[in-house]
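Both complexes below contain chain A, partnered by chain B and then by chain C.
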Partner chain A sequence: MNRSPYLSSAPSVSVIMVKVMLALVPAIAAYVWVFGAGILVVLALASVTALSAEALMLKLRNRPIKPFLMDGSALLTAWLLALSLPPLAPWWLVVVGTLFAIVIAKQLYGGLGYNPFNPAMVGYAVLLISFPVIMTHWPAPLELAQAKLSFATQLQYIFGVTNGLSLDAVSMATPLDYLKTQLMLHHTVQEIAVSPQFGLLGARGGELVVGAYLLGGLYLLQQRLITWHLPTAFLGVLALMAGAFYLVDATHFAHPLFHLFSGASMLGAFFIITDPVSGPTTPKGKIVFAAGIAVLTYLIRVYGGYPDGVAFSVLLMNMCVPLIDAWTQPRVFGHTK
Partner chain B sequence: MSSLLNIMKQSFGLGAVTVTGGVHPPEHKQESTTQPITQLALPKRLVLPLRQHVGNLPKVLVVLGEKVLKGQLLAEAEGNISAAIHAPTSGTVVAIEDALIPHPSGLPDRCITIDVDGKDEWIAHDPTDWRNQDKTLLLSSLRNSGIVGLGGAAFPTQVKLRTNAKSHVDTLVINAAECEPYITCDDMLMRERADQILKGVEIAQHLLGAKQCLIGIEDNKAEAAEAMRLACANSPLNKLVRLKVVVVPTQYPSGDARQLIRLVAGIEVPADKRSTDVGVQCFNVATVLALHRYFDFGEPALSRIVTITGNVQKPANYEVLFGTPVPDLVKAGGGALAGTDDYIMGGPMMGFSLPSVDVPLTKASNCIIASSPNLFAPAPPAMPCIRCARCADVCPVSLQPQELYWFSKSSNLEKARDYNLFDCIECGCCTYACPSNIPLVQYYRFAKSEIIAQDRAKESADLARERNEFRLMRIEREKQERAEKHAQKAAGAKAEAAKAEAAPVNELPEDAAMAAKKAAIAAAIERAKAQKAAAMPQNVADAKPAVQAEIAEIDARREAAKQTVSEQPSDDGTSPQEDK
Partner chain C sequence: MSEVNQETMQETEVKLQPKVFYGEIVQNGLWKQNPGLVQLLGLCPTLAMTVSLVNGFSLGVMTAVVMAASNASVAPIRQWVPTEIRIPVFILIIAALVTIIDLSMHAYLQSLHAVLGIFIPLIVTNCIVLARVEAFAAKNPVTPSALDGFMMGFGLALVLATLGGIREIVGKGTLFSGVDLVFGPAAKSMILTIIPNYHGFLLAILPPGAFIGLASLIATRNWLAQRKAALMPSATLVAH
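Right after this comes the complex of A and B.
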């Protein structure tokens, strides 16, 4: 029997997923530091929902449950979705988003390896369209909050026993959101940027989380779990595009670094657009895909109806993947084209 | 620092060319290179499969019970691509029958078995003065040298040495990469017999008329490379042509002929062409050494170096006669250690599990690895493809294995062909790198065989359709011809009748001849009947009278039946057409 090769070098799928989750740990720590421990509850909620939904769906689909639960992909989807949500998101929002991601976006398409759309981003987009107010109400970083939010109060927000507490009391527009609304009121970028939620490069506090994502991303690169193509092309094109607009009119367009360090840019660059299943596989294709996401993200941020545009851009470019792959086939050895 | 510099150089297209993609598994070459090559003791019995090479089966020249001498031709090359088989030692032919051979299919094939007499008695053999002989003569003599590519492909060497105006070879590449893990037979051969190898290179260069000879060695064989460099410096060939040892990075599959040609000569052989179309020919080191033994000593291909390694006591290299049973080699390696559950022929990347350990070593056997679950863990169950494209990153021919997998799995064979499935060299890098443990190469082998089968089926279907169309056309034509004939006959009969009326008494001479013929035929039929009657079963002659009467009755009935059948008119004037 010819079953060669007898050797294997590859880390298993679960090892890859675990390492990606490991790469998220610094960002989660930064989250806790900046917004409080509530995020851990959100993460736990999303994880439990994802694993239960995955197990149930696998059972319904007559698939072996254990190997697919152990591959870690459901858990990773849950984490990525949870980290995209506002830190004090109500429990049902987390559950609905996660269920949508796992049941509809992943399992109904055939489970691991068969989903054409990034499950976490499908869950996020569904929530953003269905519950735009909650989804855009981010709590202020702890250092800016008028009253320090205790962990108990955070739990109250998450589980909806707010006793008259209003989210408005603790929330604050994110810099991307604030910039957009203020620009519409004919303020210049420079006037807007003195507002307290602006930090050195992006959002005050938030940029720490962004930095942690960058750190985690570099770890993924070092571990060869992702290639340079996607993050470089995404961040590069985003910076180029923002830079061009910034050069034309610095009073109406934010600095490129602001775009890199705000919103979901870093999370997207290293953890979202790098989802292999829903992304392209050829090196050139990866560059096209990431560049497309960057252009769309920038356009949505500047001209669209939402403060950030990573999720929609990813989903839009997911649709183009088969075409991108077909058009960017590398030259085969010994062939002229 | 130097590695960083190398990376920079390579990314700017400077410096050495590297394998695109490829992998670097643990080498495990040290184990079997601690002791020199040893001659394996004469086995009691040799089993020589006729199929030890690519191409036609050779024609057997010996008969059962024949005494044969070492080097005697047992089977001669048949057809264009074929290789001869010689007796590796003296003895008696005791069987020419199907036996288990080392092939992944596990199917038996024709073998010649020799009982070894232990005398190791040579047939008369003489060196050839190859420098002063006509090349066509040398090549035709090479036809029965039995030499095939010893790197594992086993392609008849004489075919590769033929040159013509269309395939003019400028560059001779000697493949000494030995990129598969565990295998060290070429490594040891170079360390110990570099001078002999160079003598073989001289012959190959002479036959091809090459202007440069490049010897490609991976950089993990420093000792072998040094020995080869020294041998090159001492070789007279050094003054004739450009002769160079090119050290290439250790990156499997650098030893694939096309990969190595690109690595050492910088030439990418077009996928639809042979290397000779771009002026390059490639031989394994052991193969050129076999050329030296053949021309300079008159010794045909009788033995080779085989590595025994893996889960054995003393991994080493042995010079082994073709046909030697694998267990003899395993025993020489100190025997298999506990846990051995399989024997692999070849390396761990492209080798195959032997159907049984009781098979002979052949010209293609470069290595036997005793395998155990500890050494090569069985692959865990395959998970779905997550499109991580690690397979594409390591593919040395820049295919998209994940797409090919998808197409092969869904039997979308046309698409698989479009994505250049047939450029796949089945090196196994993709499977090696797959985190989902998908046996990708098996899928490609399956898809390739399916496509070939489909092509064949389509070819024969096309042929059958053509034949059927032709048949219908012919039936139609014959029908028309018959109709015409009938019409002519009818017209002829009318004319005849008219004539007969005009001249009724005129007996034509033709009619007289016809009557004589008819009489002769009738006489012949009478004779035949008489003979038939005489030939009636005689075993009934001494039966009882009652039985005799019964038989007579039966015969009469049979006769009557025959009569009725022959009296029935034929319902069709035309004879039935058989169309095949």
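Right after this comes the complex of A and C.
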């Protein structure tokens, strides 16, 4: 809402949330196609946990339960977190992450509209620092897996009744992870990129999910639920930075398109950094915010200890939001600066 | 509050000084004015050293001993210390006492000393030690001062132990790990495994766990105090 005339009324929170979840449906479908139906169980688990935790916290805080539950914000947080987790995440991992996101990152700060940090990313960061091994074990996409995982086997993984099944047998390093470890062994990007988990642009299979995120994101743009500032600045700066490094030394730095189409770039660009509560409000501020996340993400990916850095970058930039908002207040007509 | 009122308050305080209630000192240290949960002093070791119950409690007990000794040493000389330079004098006394503790631990509890490391000498800079010297020992006789120092320190030690215990159980699923550093290798059998086959919840061991844990403890204490106050409303009026 930057320009007059304000003709249409602002859509309610629940309408926005339903549309955002609708925009996630293609990505979920792609996810099921690539990694199997286990993700649906993870999504359901996260949703149930999020709604129960939200209801419990609202009751403890003496707030009306039904209107806040129906706005769908807890559900969306749960979905975003579930989509960031490895598809065979054990059930307790999903529950712990969702509880942290809803109880600590959202409700303890005052509920919807008051949380300074993106709840889904807080949940993700907590899980990543606490359980690094499980969180970096992504199963191989079905087309690459030696033994195809049936839905029943996936359920066994999620609910921990694996009877000696090891996650190592079905997991595979993600391209970002693989690239990082192989670069440390003095291989060049070109040598590394021939290994089977690399696809056309990003991860084999994974890039399909990424494409679906892009599609959902474009729908959000078309519905005017998000403005172009955040995704464009994020993807643009990420591509620029990756491009600059790539031009200097193509053997040690991956192609910019690889950075756009792997990891959480697309999910982040359209669904994570566009969270209206924890992000900045001014158009200029949105560009600064997204550019900051892109720079941090690239630095963490290339020089940091973790394969991907979207979650940490979002949280770090969330801290700067009050400052960014104060700096980028537009000049009011008739007032001098 | 008016100035006159304040002056009369101060006068009554001066008159009341010799009459010290030991029960109140104990109560203040352990609950009402607990350094870790109410005064929020000495947070650096509280947050940094409470990765296990044994770590937290040992550092807390060392702090309590230093506090009792420093309060007891400052109280007898309180009339002769010039007000202008009292802080450096107090700090020198505290530093001397901490050096004694540090060197004795190095001699008799060498492995525990290695674990607690820099945090033993840093007891000097722990503001709760100076706070009690300045606020209590500089105005009161020796015996109540020593008791106050010890009780404040012991209250802090209990908080450190509770926080250490919670972080250890949640983070590693054990309790009393590292007890062999205090009582020798034979005590290793005392280590309890609370949650078998535990994955470990690293966040509880890392610094954020300390902040979240301490915040929960403070919230719990406030909740208990509020509930108590709600049960007897007349008592709170008197207390304030």
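Here is the rule we go by: the second predicted complex is superposed on the first by the 328 of 337 C-alpha atoms of A that agree within 3 Å, B and C clash if a C-alpha of one lies under 4 Å from a C-alpha of the other, contacts with A are read in each partner's own complex, and residues count from 1 in each chain.
Operating definition for what follows: a residue touches a chain if its C-beta (ideal position, glycine included) is under 8 Å from a C-beta of that chain, and two chains touch if they have at least 3 such contacts.
Just so it is clear, the model here is predicted, and its values are computed rather than measured.
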Notebook entry, point to check: Is A:Pro276 in contact with chain B, with chain C, with both, or with neither (first, second, both, neither)?
Noted result: first
Next item on the list: With the two complexes superposed on chain A, say which partner A:Gly113 touches: chain B (first), chain C (second), both, or neither.
Entry: first
Margin query: With both complexes superposed on chain A, which partner does A:Asp325 reach: first (chain B), second (chain C), both or neither?
Written below: first
Margin query: By the touch definition at the top of the document, which applies to A:Lys66: first (chain B), second (chain C), both, or neither?
Written below: neither
Next item on the list: Quick one: classify A:His186 as touching chain B (first), chain C (second), both or neither.
Entry: neither
Checklist line | On chain A, positions contacted by chain B and by chain C | finding: none
Note to self: Quick check on the complex: what are the chain A residues that touch chain B?
What the structure shows: 1-13, 15-16, 67, 71, 73, 111-114, 227, 276-277, 279, 281-282, 325, 329-336
Check: Which residues of chain B touch chain A in their complex?
Finding: 20, 23, 25-26, 104, 106, 181, 258, 268-273, 344, 346, 348-353, 355, 371, 376-377, 379-381, 383-390, 392-393, 396-400, 402-403, 419-420, 423, 428-429, 431-437, 439, 441-442, 445
Note to self: Could you list, by residue number, the parts of chain C that touch chain A in their complex?
What the structure shows: 199-203, 206, 212
Note to self: Give the list of chain A residues in touch with chain C in this complex.
What the structure shows: 96, 104, 126, 129-132, 134
